[in-house]
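Order of writing sets the labels: A, B and C. Residues in every chain begin at 1.
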């Protein structure tokens, strides 16, 4: 088992040039993500968590420092389709069925029909949407659409999953449900997951590692290794350990906020 | 400043390209006649002679810009300077004929359109009976009945400006009805409910909410209506044996093969359209800015 | 006199019936019946008024006379229809819309050209393009080709503006998703941007049907061989046989609605997923 990190950021900085002057979205980020990690990024608006996720996905380029994914540059990793990306909104194509939407990345990558069919069945089962293959996105609820979006990100068997506040637009009950299902999926597939969220309970519940970020400039204020076991029923959220970790995250957030006077 | 050139630069490039293509086209299309003439006179044409010839033919297939410009000047500015601004050969005279029926038709069409729109929005019977016909009529080539309207109205003694204005009115009122109905219905449920909580009556709801909300839609339709009104006025001038107006000049030019006359009338009509639509756009910007609805 | 009374009765009954129907709960049936009833009432009143006031049929023929003339001239009407609609309007429509579509895709890769062509295109679309008819007759001759050319110019710019708008209609997120799949330009164009542009493209296609028909008919006012709807209308107007003119107008109305309706049906099939089509 290799102990090289799957994703590694060294002295990573990203400065945007805007009409109002330079914006230091990320400054000197040093972070390693190992295989099978579930890493949450949490912080107030503008702290750079989404930007960092996008840098990992090669949707933004850093202005200083280095980022490697699977040992190569982020761009090469993207071209090798090393990760699946889940956005805040499902963004399913309304003119394709759910099955058609899941096939989309496979078609682009040139997979043959048999492989496509098999993948579609596999991932629909993973997100518990069996039987919805021929339905259209507007026929599904918001939660189901987001599950389909996750299925689409899993379709081409990338080892890495990057998720940008995927459950932010959903109500609490649906969110809890999806959190549980995501953990179950993670256990079954052992993917490396990067997850951006606004919610402290969500971050603590899901992750093996929680990165608290603070804004202006965006940097890591605190990195917490979670001591919770891998098997986590929902009511672990009332346990003492959970609350301790949540407190630590909250303190980290507050400290970040204080710089923001 | 970067924003200005960013937006205007490409437009200027395209316009210059159009002029270049126009000149090139003129040479290309007029060269056949030039070669013909030279062959009959038994001479060979050099390239520069060819180009010079294509730039100054009497009935060119494609008059180059400067030739059209010269003709326009001859029939407008030049005539003004010689005190003959409104003679029957002046483009200003013809433009005025077309413009007057355009404006009259536009005003009538807009008034009718707004009136009908208000009726449709406030009366359910009108809405259900008329609105489908308004929508359906947009698929029918209404302009085709222009000759008939002219002739019929002439026969019952209405001639001159009014029949053409009727055509213009007919063409301009449809976009106004469609646009105003959309506009008067544009306030959302929340805003209409709020009016109810204040016990506003129909009049107040109309003047304070529906009408202001419909302003952007109104101006967009006015632009379309103005362009349609101009087309109506021009087409309306065709049936009466083409006596006066820009449409008449177009038709007359085509009967007698006077291509330069055709082009100068066409460009004048285009300039008229651009000016009229531009004026509406200018009014639109000022009104919407004052209402805080500027884009 | 009896005609006038009949007309009055028809008017009142029609009006009353329509008001009553409009007051009923809205169903597909009533929504169809009310405008149809309105139209039928109008035609009936027309007949009654013309007969009752003895209006000169040269000025305003009654619907009955128009119907008779229509039935007896189907061969001429058909010939005119083929000349104007099929040869003139449709060929111009296909060429014009096709050219506009291709141009939009080509300039999609060149934002500079887009920024230049769009304002110019919007400007040209407001001009009285029909005025180019005599020039095009000079270049392409009297026959249907010059009419098709007029149609091409009339439909090109509205179609171009709509298609370009459609191609810009995708949001950042969807284009980012394509980047995460390392999809190339053409893949992104065919799998994302063209399907997403369809509602706009069809909007342009529908507008173009109206413009095509108007262009083909009015262009014939400027000169045509001895057939064609515009030709027939202008000559029959000169002869004061307005019943034939109205018959041609009926054909134009049917052709226009059928053309538009056909495109609208196609739109429903292709953009079935768009909120406006799902009611």
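Following the convention adopted for this analysis, a contact is a pair of C-beta atoms (placed from the backbone, for glycine too) under 8 Å apart; a residue touches a chain by one contact, two chains touch by 3 or more.
In this text, all values refer to a predicted model and were calculated from it rather than measured experimentally.
Once CA atoms are averaged chain by chain and compared with the all-protein CA average, the nearest chain turns out to be C. By number of C-beta pairs in contact, the leading pair of chains is B-C.
The greatest centre-to-centre gap from chain B, using C-alpha centroids, is found for A. Here the spacing of chain A and chain B, counted between their Cα centres, is 56 Å.
Averaged C-alpha coordinates give centres for chain A and chain C that are 51 Å from one another. Centre to centre, using the average C-alpha position, chain B and chain C are separated by 19 Å.
Residue numbers of chain B whose C-beta contacts span two or more other chains: none are found. Residues 18-19, 21-23, 30-31, 34-35, 37-39, 58-60, 112-117, 119-120, 123, 126-128, 130-135, 137-139, 209-210, 213-214, 217-218, 221-223, 229-230, 233-234, 237-238, 240, 242, 245-246, 248-249, 252-253, 256-257, 259-261 of chain C touch chain B in their complex. Touching chain C in their complex are the following residues of chain B: 6-7, 9-15, 18, 29, 61, 124-125, 127-133, 136, 138-148, 150-152, 155-156, 223, 227, 230-231, 234-235, 238-239, 246-247, 250-251, 253-254, 257, 259, 262-263, 265-266, 269-270, 273-274, 277.
By the touch criterion stated above, chain A contacts chain C in their complex at residues 57-59, 78-81, 83-85, 87-89, 91, 93-95, 104-105, 107-109, 136, 138.
Residues 173-174, 176-183, 187, 191-192, 195-196, 198, 271-274, 278 of chain C are the ones touching chain A in the complex.
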